[in-house]
Amino acid sequence: MKKGLSRRNLFKYVGAGSATAVVAGCENKPEKLIPMLVPPTDYEYTPQTAYQYMTTCRECDAACGMMVTTREHRAQKAEGNPNHPLNQGALCAKGQASLQTLYNPSRHAYPLADGKKIPWQEGLQQFSALTQTAAGAIAYLGKPAVGSEGDFLDEWLQAAGGGKRVDFELLSQNSQVEANQIAFNRADVPEYAFEKAGLILNFSADFLETWGNPVENARRFADMHAYQKGNKNKFVHISPHVSLTGAKADRWVVINPGTEGLVALAIAAVIQQENGSHTFLKAYLESYSPENVAEETGVSAEAIRGLAKEALEHGPLLAIGGGNVSATKQSVETLVAVNILNAVSGALDKTLRFYNQTAVKKSTHQDLLELISDLDAGKIKLLIIDDSNPVYALPPSMGFAEAIKKTFVVSLASQKSETTHEANLVLPALTAYESWGDAFPRSGVKSIQQPVMSAVNTFDAKAREDILINTVQSIDKTAFSGNSNYLDFLQDKWSKIQRELGDTRSFENFWISILENGGIYEKPKFARTALSRKVTAVKVSSPELVGQEGLTLLPTTSLLLGDGSGANKPWLQEVPNPMSQIVWDSWVEINPDTAQKLGINDRAIIEVKTPHGSVQATAYYHFGIHRDAIAIPMGQGHQHSGEVADGFGINVMQLLPGEFDNAGNLSFVGVQAELKLINEKSYTVNTDGNARQLGREIAAATTVEELAHPENHGSAHKRPTEFYPDRSETAGYYKPYRWGMTIDLDRCNGCSACVVACYAENNIPVVGKIRTAIGREMSWIRMERYIEGYGDDFETRFSPMLCQQCGNAGCETVCPVYATYHNPEGLNAMIYNRCVGTRYCSNNCAYKVRRFNWFNYEFPAPLDQQLNSTITTREVGVMEKCTFCVQRIKTAKYDAKDLSRDLEDGEVLTACQQTCPTKAITFGNLMDPESKVAKSALRETADKRDRQYEVLAELNYKPAITYLKKVNTREVLGHNSENHDSHQNSENHG
Amino acid sequence: MSKFTGVWAIFEYLDETTETIEQVRKEGVQPTVISPCPRHEIDHALGEPTTIVPWIALAFGALGCFIGYSLPAWTASDWVLPVSGKPIVAIPPFTIIGFELTILFAAIHTLAGLALLGIIDSFRFPIPKGAKDYPRFQRDRFGVVVRCEESKLEEFENLMKKNGAEEVHVEK
Amino acid sequence: MGTTAEYNATAGKVVIDEHQGHPGIKATTLDYGQINDEMLAMLDKPRPSYYLLLLGFLMALGLGALSLAIQVDVGIGYSGISHPIAWGFYITNFVFWIGIGHAGTLISAVFYLTRAPWRTAIYRSAEAMTVFAVMTAGLFPLLHTGRPWLAYWLIPYPNERMLWVNFKSPLVWDVFAVTTYMSVSIMFFMLGLIPDMAILRDEAIRKGKKLKALIYAPMALAWRGTNHQWIHYMRGYLIFAALATPLVFSVHSIVSWDFAMSSVPGWHTTIFAPYFVAGAIFSGLSMVMTVLIPMRAVFGLQDYITNHVIQSVSKMIIFTSMIVGYAYASEFFIGYYSGSPFERAIFYYRPFGEMESWTLLGENQINFPQIAFWLMVFCNVIAPIPLWRWKIRNNALAVWIITIFVNIGMWFERFNIVGSSLQHEYDPAAWGEYWPTVVEVGITVGSFGFFFTLFTLFAKSLPPMAIMELKEATNPPMRNAAKGH
Amino acid sequence: MLGKKVINLKQYFLVGLFVSAFFLALNTTTAYAEEQPIAFSHKLHTVQNGIACQYCHLYARRSFSSGVPPVSTCIGCHGPKEQKLVQPDSKEVNKMRTFWSDKEPIPWVKIHDVPDFVRFPHKEHINADSNRLLDDAGAGCDTKNAPRSLECKLAQFRTGGDQRCLACHGDVRQMEVITQVDENFGKMGWCMECHLQVKGAKERKRTGSTIAGWYHAKEMDKKREAAIGLVNEKGYHNPNMLDCYTCHY
């Protein structure tokens, strides 16, 4: 906040004092018009006009295609590349927030030597000199290569005189690769064809969050799982923990931590018995019969047989394993077991297909251990680290932080982190938005990463690869065959690709087409695979985590913060975790039964102590966790990652021993934690008022059985007789548009990408933890999470809640100044500059979707450069809310007008709809009976008709948003149930 | 203001004042009475005079009512901004405005009217400067002012004295 | 007007009923001069204790002004109001002060029309309180807005934007209701002051105090006390009383419609208008007693504000307390009987907090609204019960203590309505809590400071009792005592 | 002193005069201009040299913003100092050359400013079809006496070309210093007075209002709908200019 009597403040005082002064005089200070010196000439440039560039999202190694909207040469919105086969236009929350990687105020702004600012020249010289002296003893620690950068680095290390390259990715798929190698002789990650499966058995993998490509997984999963034509395929979550992924499951089978493999084999045993395939496994599987494993896994034999029966009936089956929660020391064995289950049930080459390719070998966490010992032994003289953050992410007991003190560390990172804090020399790198690159996330997909804008002016940074080229060329002029920058190197690579493709165009044309499309997308080629006979050698046993003293610690990945790289992005901190609804914090998920036994209340501060460390965090009651386990999400507890990340929550990695599985991957699960109550109350902020919806049908659900009998509930959809005629009978109204939306709750999985997209599109300020605590968060769309039922038989429902653009809105009539009214296109118009700020509209909004600007919120530079310049950024004292992205409607209308036509269906996408990975949101013109939204909202498609409902329809606000009920395969006890007390004995059936 | 010709007297007692009033009226002259507080006795003695203040209130109340309905109706139709599916010109909510403006207009004009009438009457029925400046009329004394021709001055002076006036002033 | 001295037309003279003294004024034997002098003596140079008191109120006012300055500078966010509780202390204060503002007009207009004689001694002070309370109340809708410097947009005036206000909004009704009420109250107050202003003017002239005379003269509107003026005046006064009477009942009805016209559970009820009016009269009369009982003691006005007055007001307090209590009960019954889950939920929440089955595991938390609710019930329904006894009613100190309870209770009743419903609306995911901040408490304290500062200034600058009406109520001076007595 | 006449008509008159003079003084804001970093003359460039508006403000027909010409546009004619092109010795032009050689943009002061909450598209106005104006809009323009009257502005708008720019910005071609002529420039009523001259706009503004109010008079609304002219001859719906979302979002 600005202090003192600024002009605006003066204006306020004067304005309050005398109205005449405001009317008559008191002009604002004139604004300055700063023209460009030279207009860009390489392409036609028009100010205040959006230009889209195709590039690749580099927030995780899933490498989705991205389309970045820039205005005035500033990237303002990230969207998925609609041409890209993996994400098909959608992006996850992290991808949406990648803009804040670009504009993050805690980016390195200049080179640092031992924490002091130095000029670039000096930094580069120092780096060159070091490289020269350290030749042969150089180590490059970086994110695993997804594109050409691997080759580049290898070439660079060679040119620099040799050294080694170690990959670091906390959430790696190495165990999976290893398991596939054992089971199928294929060291690769296969394609999971969710949509082809009839039943999914998920062994603790969080495939909607961080496992694989969550955007692609979510879409394909929704295609499989969503209710279609009277049918719904099932998804069973077999895990000690219910994550966001588990919340989408039709059933949760509680197993003891680490026993996923046993359950998988037991199911496989039953299936093998039934279908008689893979006879060589018969003896092997017999030892894992349901009866044998029942005690160790905590799942009854009948339950396992039941699952097997379902798999046989509803196949093809897709069994998925992996992720943190099953990452014990035996995670490779567990995954082999899952592979056996897939093979035995015949999923192989149907729902689980291997690409016809040889995957690049990635180094493992164990290689890191080698690196650490090399460092300790002084064998490494120069350690180069990119944007990865091992100092934060590795368990301290591995001794990485101490080891790097024994060498010279050069950090080529863009973001401040614990690692760059330890680095001797920091040479700031550009982000993916400002530099060249590419990614080959899977067979047939070659994605280009191009700079969508020149470097952000407040940061004096250079492209990482260019720094490296510059350095090595100062030693050896002939290195990189004279390519002066990474673009040349990349173009060499891509001309090779062009030749491989047999493309006969000139490279120039080829390159332009690549930039236009964002890459090359070919259909993947698959190779037939068979289960190796060697699998019988794999022994799967229980890690015996239950029944010991203490509770098994399950470090879970965070959907928003990832492995911690998201923590410095305000949006990702501000958007509540969809499961816990907690913001800006860490928490310990604990089963209420266990907690009450230990005398720990919800939201109490507890100390979690393992032999390797202890942390204090808030207890969060979660039905979805095994009674002998606790779960702590990763990603928080930073110390040197910038203002937004530092000091919030705790780092769960500090509790881990740093042990490995057979693939050399970190084993996350296996340590027992002691809990101690520290304080009854904690300052943990969650945005949900109440976890229960009290039968109010806000996030409504129905069951497949119910839908099979439409006569039971057909009458519920009749509209009441109106006293007043419909607004559409007013002259000029709803002609030709009446904007509407449908949200399919059966497809929605609560991933919150829409929430972040809305923040990005609509200049929504981030208010921080303290203000969120008193309800000042500004999100226009919120992911409501409701819990139904008790104990293990609970259900989590998600419902995106945004302005319903009501026909008979409660908010409009109470506004004294017409700042909100019903617009001829059916929008509930909110005119910010007319708003006086009585907040009556917010009171009278039953959906509570209006947000008030309690302060003049700041967008600390350079985050302000991200602000969407096609809409107004609101000032203090003004109400705001979702507008159905009216700026997009307006822009599209202007464009259509230039073509002398009206808007066509699908021409306007709201930001939330655009980014939804599961395509749960449909938006369009309700007056056009042919439009998609009309078809799903206007009670025509039988598929949807019985699921349509309006939230709080009895108020007759006539919302323009129609929700489609979630479809369950079972009944869950609601809050009104008489069996309310059953949660006390829920232990018995657990 | 024409020059005042007449008699005015100061009384201490109400009964003497009313007595005087009645006697003066018998002489065919309507006196002006000054009193520290309103007394029905005086009104009775003066023959129950009336006032047009209620008519002012009624007229302006009606005007306020008209404005109270027509202003919202006109403004709502001048730029049609539909809210909450309600009729553009909605009578029930406008009734509140109509009611409030009825009261407001009636009240303002009642006050203005009675003040103005008081001032007009002070021109119509002038009282001499001496009576105006006599401070005890507002405190505890009654005054009777008789405007008459010079020929009758003496008659009234005697009448007042007889009725126990404290002071009798004759103005020519 | 309950005069005891009646002009008997048949007898042709004034007849005074000696068996029935004036209920408002003990000493009906006081003569005009005595009343005049005693009343004017109250306006003499005040004692130092007066300045001390005034300083205290001014300090409270200063605290409020400071809090307001901070809030305007930084933003409304400095208050504890948040999402979803968009109205908090400010609207509570607004409704509370509007309610306080009801007693004056009730006493001066309604009791004038119903010829309640005991109003004479207290109506001037009560009216002053009305004016000050409505002025205080009027501040809150302005300062609670997000952009108070644009609050004038709520007034319909022709402007270059070609935009008008939304007359369908209850807030615009409020603008009209409150400004009308304030204007009429001030005019009524000034109207009653006209003859007294003439007294003060003549007194000032007699003593040669020109400045005072200059101030009082315009307010006296050339008042001479002639029979012509008196006839317009008395008729005008009657019309004013007749106009103000529906206003008394309408203003708080309209304020209640701010809530009742919304769709918020706990607000959307038809009972609100009478409920609010009864509450307003309840709180207004209590505030009158809270203020006048100390004033009576300080100025020694036992001869004017007799125990009879206190008893009469106490009876009104009991009566309205019962109405309010009935309304509370009725709300709960309707909440239950409606069958609406939202209504039922809010009426469970108000007294008892979260219902066990609402929460994840059945935790129950007591919050501010529950405190407010039980304070409200205790202060408004239980505390006035002792007033049923004559002895208590006759004891000024006891009445004073009870009225203070009622004031507190009524404030919390307003909060209970404004604050608790918003916390638990339709969408449970958007439920919230509300705790006030220092700024809000400061502004609330400041509003009391504002009100009492104005009243303290009033007590020494304008006659706190209507001298003219006191004279009217006492026995008129008669030469021939035998004629009357 | 009470006898003195307090009411003195002469005094009242004088006070009234003073008060009204005060308010008149407040209201008579004249044309608004600010000192510019370079004394650039629009008159010289447009009238004498015959340069069209959109030669420099080149984005006007394509973008929301008309575009302040980049310094390279100036240099294009005037050339750097060494080249001795147009006006090699002018003090003011040399200022521009200094900006150019220093690689500094020129900090022009914005004169025609609409508030940030208004989204004004230049392109929609430059490309607007003047046939959408009411048939009599712009008739009766009295250029001599009232050059800035609504009629004259509409006439200029109808003429098109550079005249259309002048409709809002005033006669820039006669300005030595860029000046905001209309004191209400950018205010809502100022915009609305022209927008109401579009065919169907007035009808749309009053759409749906009925005298009876209680019910929508459907017949009446049908007539109004015809008057609004929802669809134009090109076959698409006319943009609605009476919706608040037209400019404020």
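By letter and in written order, the chains are A, B, C and D; residue numbering begins at 1 in each of them.
The definition used in the following text is that a residue touches a chain if its C-beta (ideal position, glycine included) is under 8 Å from a C-beta of that chain, and two chains touch if they have at least 3 such contacts.
Bear in mind the structure is a predicted one, so any value in this text is a computation, not a measurement.
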{"item": "Centroid comparison with subunit B (C-alpha atoms), farthest chain", "value": "A"}
{"item": "Comparison of C-D and A-D by number of C-beta pairs in contact, larger one", "value": "A-D"}
{"item": "Computed distance of Cα centres, subunit D from subunit C, in Å", "value": "52"}
{"item": "Approximate Å spacing (C-alpha centroids) for the pair subunit A, subunit D", "value": "47"}
{"item": "Averaged-CA centre spacing for the pair subunit B and subunit A, given as whole angstrom", "value": "81"}
{"item": "Whole-Å separation of chain centres (CA-atom averages), subunit B against subunit C", "value": "30"}
{"item": "Shared-contact residues (touching 2 or more other chains) in subunit C", "value": "162-166, 168, 172, 201, 205"}
{"item": "Contacts with 2+ other chains: residues of subunit B", "value": "76, 78-79, 81-84, 86-87, 90, 132-133"}
{"item": "In subunit A, residues with contacts to at least two other chains", "value": "724, 730, 733, 810, 813, 815, 818, 821, 834"}
{"item": "In the complex with subunit A, residue positions of subunit B that touch it", "value": "81-87"}
{"item": "Residue ranges of subunit A in contact with subunit C within the complex", "value": "1, 9, 11-13, 15-16, 19, 22, 592, 601-602, 621, 688-696, 698, 771, 774-777, 782, 784-787, 801, 810, 813-818, 834-840, 842-844, 846-848, 850-856, 876-879, 951-952, 955, 975-976, 980, 983"}
{"item": "Subunit C - residues contacting subunit D, complex", "value": "159-163, 201, 205, 210, 213, 217-218"}
{"item": "Complex contacts: residues of subunit B adjacent to subunit D", "value": "73, 76-82, 87-91, 129, 132-133"}
{"item": "In the complex with subunit A, residue positions of subunit D that touch it", "value": "23, 26-27, 29, 32, 34, 59, 62-65, 67-72, 100, 103-111, 113, 115-119, 121, 123-124, 127, 204, 207-208, 215-216, 218, 221-222, 224-225, 228, 230, 234-237, 239-240, 243-245, 248-249"}
